[in-house]
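Next come two complexes built around chain A: one with chain B, the other with chain C.
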Partner chain A sequence: MRLLTHNMLSSNIKGVTNGFPLRIEVEKVVEKQVEINHDFLMNIFPKIDWKAFFDASRVMGYVELPEEAPEPSVLESDLEFLRKFHHALLELHLEEGALVCPETGRKFPVNKGIPNMLLHEDEV
Partner chain B sequence: MSSRPELQAPPEIFYDDTEARKYTSSSRIAEIQTKLSERALELLALPDDGVPRLLLDIGCGSGLSGETITENGHQWIGLDISHSMLNVALEKEVEGDLLLGDMGQGLGLRPGVIDGAISISAVQWLCNADKSSHEPRLRLKCLARGARAVLQVYPENLAQRELILSYAMRAGFAGGVVVDFPHSTKSRKEYLVLTCGPPSLSTAIPNGKGEDGESCSDDESSGEEENRTVCISDRHRPRKKQKINKRGKGREWVLRKKEQMRRKGNVVPPDTKYTARKRKARF
Partner chain C sequence: MVFISLRAGRYIHRFWGKCTLSLDSFCVFVYPVTFSSMMEIKVKDGSSLCTLVPDGEPHIMQSGSVSEDLRCSSISVKSTPEIEKKYVHRVYDAIAPHFSSTRFAKWPKVAAFLESLPTGSLILDAGCGNGKYLGLTPSCYFIGCDISAPLIKICADKGHEVLVADAVNLPYRTNFGDAAISIAVLHHLSTEGRRKKAIEELVRVVKKGGLVLMTVWAVEQEDKSLLTKWTPLTEKYVEEWIGPGSPRVRGPSPFTLESIPETEENGSQAHAKDSNDSLTENMQQSMCLTPQNADDVFVSKHGMSQQEYFVPWHLPYHRAEVSGASSGALANCLARKDDKKGAVVYDRYYHVFGEGELERLVSGMDNAVIVDKFYDKSNWCIILEKTL
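Let's turn to the complex of A and B:
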């Protein structure tokens, strides 16, 4: 699971008011090279919740991202930042671990890169 | 035809390892799914600006439809309830991220982050809810404003189609059903096209394929083939009573038949001066 997906995921357990973001528990991280696409990055940038993204990247072991989200105009000029953004968003994969609901503490296990988001009967 | 899969078992049980492998290794199924996915992507009407979008594949299964999305240059997140099917997707090393989840339990995504959603042959499973503890609803809050969801469905009957559509309308979606080749039982395909937000010119639904006649909705897919109309079922067309020509089947009959086949969506050689020409006695 990439951080792109993690940034979109939210816990929808019954009764939870804010299930975003899910805390990451890392057991295994894998890096996979992906071709960079500027258009995609510029399009997705406004949708990313930067704080969640920054925290998640730290947990995954990547420390190159700035804590403050830069202005969108920076994306067009700063290639170095774009490369770091791309790397953290699309090239870091959580292979094994868990995602934790911020309110209930319920763990969603991640195996082979696939988070198991199936809710139990009483959580729906 | 054997009983519909939805009536045999819930999807996470029906699609076990054997079935998952069968489904993916069948080249016929793969071809059909690819065609359905391409049509669904077409109906999503994403802007033609070369910018890759983030799409959702609801009921992605073994990633057949996801691969089509990748080929069209977009990123995607896939959701499926079957462990076995997702394992096959892993083996195929699909580009999209996979989630193991139940589409009826809520997609678990933040509102407004997805640029479009497709679902190929999956939503009808919701209509046979096996979990009595909840009423399955497909919640699409994650769609951005103006984004579309295109759900290709195989409704069991008219009632099921009405049910799916009415839930969508009640949830506040604009949209409708696009039917390709409505008169052919074999080629007929239905797509539920939903848009977030109030209906406007941009949410007008494109026309279905394969029927002559007038269209009444806005045609925003310009430059497409001729003869496209939107058409929901038309089973009660009055049959014409033909006078049987005892002198055999002439050129007119042949041309008429070919036109009929074309309307059904079959591949028919073009009509030329050689069509229905009298052959040598040897033939």
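Let's turn to the complex of A and C:
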């Protein structure tokens, strides 16, 4: 699971008011390189909840991101930032671990990089 | 278009009540299921319900008493009904690798839709199956989800970003995606409430201005012989499932028990059929396969459009052994053996869509408009744009 996905995921358990962001429990992180897609990064940047993204990157062991989100124009001018953004967003994978609902504490397992977000009968 | 008209009476799903290969026992059954927005369902006087009790024997209940199984007002539309667990989820889990090997042809209309999206788009594929469309446009980013963990594993092995999730309850934040696709998914949802919910979810997760493409199997099949290989589910089943809110005409339904000859094959749309079983004389006689006129749709003798089906999937024995799920499925009567074809036969539940049905489902939505709708290769397709 990449942090892009994590930034999108929300606990949809019945009764939960705000299921975002899910807390990350790390057992295994893997880094996999992927080519930079500038258009995509420009498009996705405004959608990202930066605080959740920053916190998640720290939990995954990456400390290079700034705590404050820079202006979007920085993506054009600052190649270094772009590379870090890209790396944290798309190249860090939670292979094994869990995503934890912020309100209920319910753990959604992540195995072989795949989160299982299916709810039990009583959570629906 | 000319369609086949069934005049030979009702057909029922043949259920192996005692897990034997005997053709002697037929039973009419309903699954003890949960379904949505059925508050208005009333059991008619004099009608009786047959529910499946754990030992597999049919059990006739009298009307009037509110069955545990029929309590509806408190059941969430997000709760998975038994019929989907047995005849969608477990089937796909069991057939995943074989199914995936048959799913390679990219449908031009879907490809065209994806290619029309701006570069750098984030595209969500809900019910992505084996991930056929993930990564189709390299300039975009795809996230796929499916309820079948084995299918998702196949996607992940190809390097796609995927998760296991339920299309009726997407775990995504609102307004995040640029576009979403739902290719051959909604027809596996067994109630109108769930189908509506899945559509609402697709619209919810895309941004304002975002597009959603949905395709579903049509009642009006181009290859009419396919329908003869499917098992239509009983009228009684339809009543229990859909309820008075359905636009279908209801009528009295005396049952005629007919045996359904085993001339079946995988009713898949996207790959070339390897063998087209010709209909036996017997079958032709019993089914009266003469098209009446151009206005005929595939209807029961009581004028109701048949939309609920079990569509077989033949899993070759050598594949079944590898997957391992089949011995359990056979023991639990979720599958049967066809020694002639050397395959384990699974039934997949489908609610095929009639013309205009997709439009009807979205007509009540206040945050999406239809921007395109079309019929292509036996599928009804629709494109929505999120407006609010």
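Throughout what follows, the second predicted complex is superposed on the first by the 124 of 124 C-alpha atoms of A that agree within 3 Å, B and C clash if a C-alpha of one lies under 4 Å from a C-alpha of the other, contacts with A are read in each partner's own complex, and residues count from 1 in each chain.
We adopt the following convention: a contact is a pair of C-beta atoms (placed from the backbone, for glycine too) under 8 Å apart; a residue touches a chain by one contact, two chains touch by 3 or more.
Quick caveat, the model's predicted, so the values are computed rather than measured.
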Practice problem: Specify the outcome, clash or fit, for chain B and chain C once both structures are aligned onto chain A. | Solution: clash
Quiz item: Touch check for A:97: first (chain B), second (chain C), both, or neither?
Solution: neither
Practice problem: Report for A:39: first if it touches chain B alone, second if chain C alone, otherwise both or neither. | Solution: both
Quiz item: Of all the chain A residues, which ones make contact with chain B and with chain C?
Solution: 1-2, 4-5, 8-12, 20, 37, 39-40, 43-44, 47, 112-119, 121, 124
Quiz item: Along chain C, where are the residues that touch chain A in the complex?
Solution: 76, 78-79, 118-122, 139-141, 143, 145, 147, 149, 152-153, 156, 161-166, 169-173, 176-178, 207
Quiz item: Tell me, which parts of chain B touch chain A in their complex?
Solution: 50-54, 75, 77, 81, 86-87, 90, 97-102, 105-110, 112-114, 131, 133-134, 142, 144
Practice problem: Quick one: which bits of chain A touch chain B in the complex? Just the residue numbers, please. | Solution: 1-2, 4-5, 8-12, 19-20, 37, 39-40, 43-44, 47, 49, 90, 112-119, 121, 124
Quiz item: Which residues, counting only chain A, touch chain C once they are in their complex?
Solution: 1-2, 4-5, 8-12, 14, 20, 37-44, 47, 112-119, 121, 124
